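Letters A, B, C and D mark the chains in the order given here, with residues in each chain numbered from 1 onward.
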Amino acid sequence: MNRIDQKFKGDKKLLSIYFSAGYPNLEDTVPVLKKLQVAGVDMVEIGLPFSDPLADGPTIQESSTQALRNGMNTEKLFSQLDGIRKEIEIPLVLMGYFNPMMQYGIEKFCQRCESIGIDGLIIPDLPVDVYHEHYKTLFDQHGLYNMFLITPQTSDKRIRYIDQVSNGFIYMVSSASVTGAKNTFGKTQTDYFQRIQKMELNTPTVVGFGISNAETYQAATKESRGAIIGSAFIKFLKEKGVENIPEFIQSIRD
Amino acid sequence: MNYNVDEKGYYGDFGGAYIPEMLYPNVEELRQNYLSITADPDFKKQFDELLKVYVGRPTPLYFAKRLSEKYNTRIYLKREDLCHTGAHKVNNTIGQILLAQRLGKKRIIAETGAGQHGVATATVCALMGIECIVYMGELDIKRQAPNVARMKMLGAEVRPAQSGSKTLKDATNEAIRDWINNPVDTHYIIGSVVGPHPYPDMVARFQAVISEETKWQLEETEGRNYPDHVIACVGGGSNAAGLYYHYLNDERVNIITVEAAGKGIDSGESAATSALGKEVIIHGSKTLLMQTPDGQITEPYSISAGLDYPGVGPMHAHLFRSQRAEFISIPDQEAMDWGLTLSQMEGIIPAIETAHAFAALDARKFGPEEVVVFNCSGRGDKDLDTYIDYFKL
Amino acid sequence: MNYNVDEKGYYGDFGGAYIPEMLYPNVEELRQNYLSITADPDFKKQFDELLKVYVGRPTPLYFAKRLSEKYNTRIYLKREDLCHTGAHKVNNTIGQILLAQRLGKKRIIAETGAGQHGVATATVCALMGIECIVYMGELDIKRQAPNVARMKMLGAEVRPAQSGSKTLKDATNEAIRDWINNPVDTHYIIGSVVGPHPYPDMVARFQAVISEETKWQLEETEGRNYPDHVIACVGGGSNAAGLYYHYLNDERVNIITVEAAGKGIDSGESAATSALGKEVIIHGSKTLLMQTPDGQITEPYSISAGLDYPGVGPMHAHLFRSQRAEFISIPDQEAMDWGLTLSQMEGIIPAIETAHAFAALDARKFGPEEVVVFNCSGRGDKDLDTYIDYFKL
Amino acid sequence: MNRIDQKFKGDKKLLSIYFSAGYPNLEDTVPVLKKLQVAGVDMVEIGLPFSDPLADGPTIQESSTQALRNGMNTEKLFSQLDGIRKEIEIPLVLMGYFNPMMQYGIEKFCQRCESIGIDGLIIPDLPVDVYHEHYKTLFDQHGLYNMFLITPQTSDKRIRYIDQVSNGFIYMVSSASVTGAKNTFGKTQTDYFQRIQKMELNTPTVVGFGISNAETYQAATKESRGAIIGSAFIKFLKEKGVENIPEFIQSIRD
């Protein structure tokens, strides 16, 4: 059974962390993963940096640019992750834009993911329809899940379609916006969370974008199975360094 | 072969809509409505009327006598340089602003490189009294001060794109981000035949007025409504798409597309997409683009800001791949020399983008009875500083 | 009353040909030939054709919706700003170059202030492959660098006028001197309705295409071929002459002429000829001009280089004296503000000269059913530096 | 009898000098006149300076501008010349553009000229036809001659017309050009001088423009009754001053 599915068994609210591979320093990828596992996060999204991350806000953009400058690239990330399953047990999701994957060769990309023990992918600019038609079979062959985003603007009909194609979880974008930390959620967000809740989807939902502290984490997980923190974590990483990661995780969970 | 877009938004292998889910409703709304809205007689009437009384269409098809004599062929210039705001770009922004109004949008965003599309967008927003925000790379803001001033005169807000290389590519990213953040009330006016479907097709249709006019204008002067060759420069490819549009499936018409070789194809500083580009997904579509082996987008270079884009739209990727169009790459120096030549032989100072196209006259031979139509896509007023510097005027 | 020129070259008390004997053969040659040459079907055909395919005529008559709503009247803009090279000036240079060719001239000279006429002249010379020398005040060369660069791009030689105040007036003197020194092979293309007869009439006839088009365009949109008001700015007066021409003797049409008050009529720094001018002989004709009590010509001042001329052509002197036209003087500041207003309300950045004309909307009331036609004589690209400085853009 | 006509009696070749009133210094007008008479010139053209002297070359333009700066104007010149006839006997011609005269009032201008004892006028931008129709009567009433210019381009017909309207002399412009000193005359000039000579006009002719030294003076007066020197004299005046005027005149006549 895919590690992601295992995680979603039971009722526990999950905390997932996003960070850019090779940030703050090229060789920080694995140390960050280890710290996160130790600190008790449930899942990690490892960002494969891209020159033009158009769905991301300034914080992730910057970390992405820095990672590229540090020398991060697809092959480098795979080599860093080779053997990672000896040490890391939590689900690992690669999150990146489609172009670098396409250039690497999708099939080869999937093979490498499988051999490393990656559980799934989030590819913001690969629409569900294209995935469904062209890539799902391949991903399935390699035991890779592909997670899709939905937003407050996504129609019920489309959400049902995504629910049907999805495995793992559905990534609920908190508001129609690029990534970036916010301090609270407004009524629009909570209405939206409730609306989705009421749809009783097959796939569990996880909220992402705009989660930065215990308050937003609480709000987000009230009507969903978990939350993903990106920008707020990266800011912390930049200021406090890899060593202090547990401090951040604690501040969210307390 | 059919060179128009297919139902799914592809030109052969290229095109599509590779967009984040956050953009799906916006793009889908467009996709579902663009054909019906633009086919509406009321829309057509307003579009045609504005092109006529505001933009100054039809633009002339000018027989360039001295140039024709020198090159011993029959050269026509489609005078998009005479359009209001100085280039073909405004054909598209007029169309899109009317569409945006019908979709009930209250706010317009756009990206711009050289500033021509930004000015054309700011112009139609002023005309309609709609808020306008133009994203422009911080570096380009410095390089293209006059167009920044024009946008401000027109009441637009110019927001610097500070990420990445701070040029057009990044301005496009910022505009897309803005759109993601404002999915309901905002329309994004893309400035070329790039981006997710239906943009390439929509922009091409608005620019198609260029070849629509060319047809009857040639009929008047040559007694046949098609030329032997159509030639245009290509940045994203909108002026080229406009000139080619009604000839795409007419095999009697040879297509020559000129791209910017910058400091030379092998210099590492160029925008020669056909020579250097690979199949890529960027800004929402699959097309040909310059990138690293690793799939990161390369910064392009051209002395002409309007050609300083790392790719071409999917229609052109397909025309290249299928060999329907012949591609020529012209370095800065030749383009600049052609700027001077056209000025002194025909009294027309072309945009540096446009000047690239004319270099095809040196690269290719044309017969004395052949009819060659160039798209004179824009005027050189915006490029005077570059010309002054380059020629020490 | 008849407001056209009479047989002797006068408009009422104004006009004539007060020229040194050295110029007599040149001016006489013109006078004897300009009517017959321009009436020749062959000439007409070539002139019309070039206006169409090269200049981009007819220029649209654009109904300015937002402006009309705001001022509760029916405002049209005659879009001379869309002409090739950016202003009405080229209508005249096309006419004169064709005339010069028919007179067998091999060399063209011109004077220029802001550089618009210089560019228009350099353009037609490039088009015809004829040598071109443009005289321009040394001060203006510094102030109008982009237009100097354009002339050079076009292959013209720009000669600095170093005498006097080193501006337009002196450039005109230098051009006349050149003509005196080169009486046989040279044609002098004057840029406005000034100078000795037949220049004012000849230039007015070439510009008359503006009102010729306006007539049928109004017929199409308003069902009558005349407006209630025609409004234009006046430097020398060529764009105004063009717009008024076919309405001069039509008393249903009210004429409003806007001149530059610079820093204010009483500031000593203005170009308000009607308010301050006296009957004068300058540059070959009797007209209204600003001068000292002693008869020395005064240096004018306006923020707009194209209105920075101390007089008006004799036609306008007559229209003023006879009260056929109403004159309004507009200071720099109001004109500049109108530059911004027109940009933001209609998406048209006007030349600062042109912007003066629109200030008539504040100075005068117009009825809701009245049709008001403004001559949008030129575009503001050449004035961007001034706008940037003034508005701190 | 007008002093000009008197001068032209007999066969003597005449030397006439042009200078700008009020140049080099405002009060130099009368001293220059005196020196010229002493040095033996036959006639003087006194230039009334104008802001826009479009028939003049750079030298005269400059002296004109300088004179204006010095404070010269129409009234000032008349006041300098008041009483001049007590000291100066040679013919005096005022040369100036029409506008300052018009502003002064043509009639008043003529009266003042008459009372001072001016013999004639040269007004480059007052065409012969306009003069003939509007001003001749007035000039005649005040005993003022008006002299006209002809050039190599002037048709025979027009020369005959000018000859008919003229009194005093006809001012033969040596070549179609603005004023300015030249060193020699070419064949075109001499052909032209001969052509005019052969026309046997009623009015004597004097050559002007481009006469700068003994050689050009000789050439010019070979087929005409005299010559006018302007630019060359003004240059001399600027360099050597009023005192040395006789030196210049001698250099021409020797």
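Please note the rule applied: a contact is a pair of C-beta atoms (placed from the backbone, for glycine too) under 8 Å apart; a residue touches a chain by one contact, two chains touch by 3 or more.
All values derive from a computational prediction rather than experimental measurement.
Visitor: Using Cα averages as centroids, what's the distance between subunit A and subunit C in whole Å?
Guide: Each chain reduced to its C-alpha mean, subunit A and subunit C end up 67 Å apart.
Visitor: Let me have the rounded angstrom distance from the C-alpha centre of subunit B over to the C-alpha centre of subunit C, please.
Guide: One centre to the other, that is 35 Å.
Visitor: Need the CA-centroid distance for the pair subunit A / subunit D, whole Å please.
Guide: 97
Visitor: Using the touch rule from the top of the page, what residues of subunit D touch 2 or more other chains?
Guide: none
Visitor: I need the residues of subunit B touching at least two other chains; which ones are they?
Guide: Residues: none.
Visitor: What's the contact topology between the chains, one of line, ring, star, complete, other?
Guide: Basically the chains just string along in a line.
Visitor: Touching pairs of chains, which are they?
Guide: Per the contact definition above, the touching pairs are A-B, B-C, C-D.
Visitor: Help me check something: in the complex, which residues belonging to subunit A touch subunit B?
Guide: Touching subunit B from subunit A are residues 50-58, 61-62, 65, 68, 73-75, 97-104, 124-128, 130, 148-151, 153-155, 158, 173, 176-178.
Visitor: Which residues of subunit B touch subunit A once you look at their complex with the stated criterion?
Guide: 16-22, 24-25, 163-164, 169-170, 172-173, 176-177, 180-181, 183-184, 278-284, 291, 293-297
Visitor: Would you tell me which residues of subunit B are touching subunit C in their complex?
Guide: Interface residues on subunit B, with respect to subunit C: 52-54, 56, 59-63, 66, 79, 81-84, 86, 122-127, 129, 145-146, 148-150, 152-155, 339-340, 343-349, 380-381, 384, 387-388, 391, 393.
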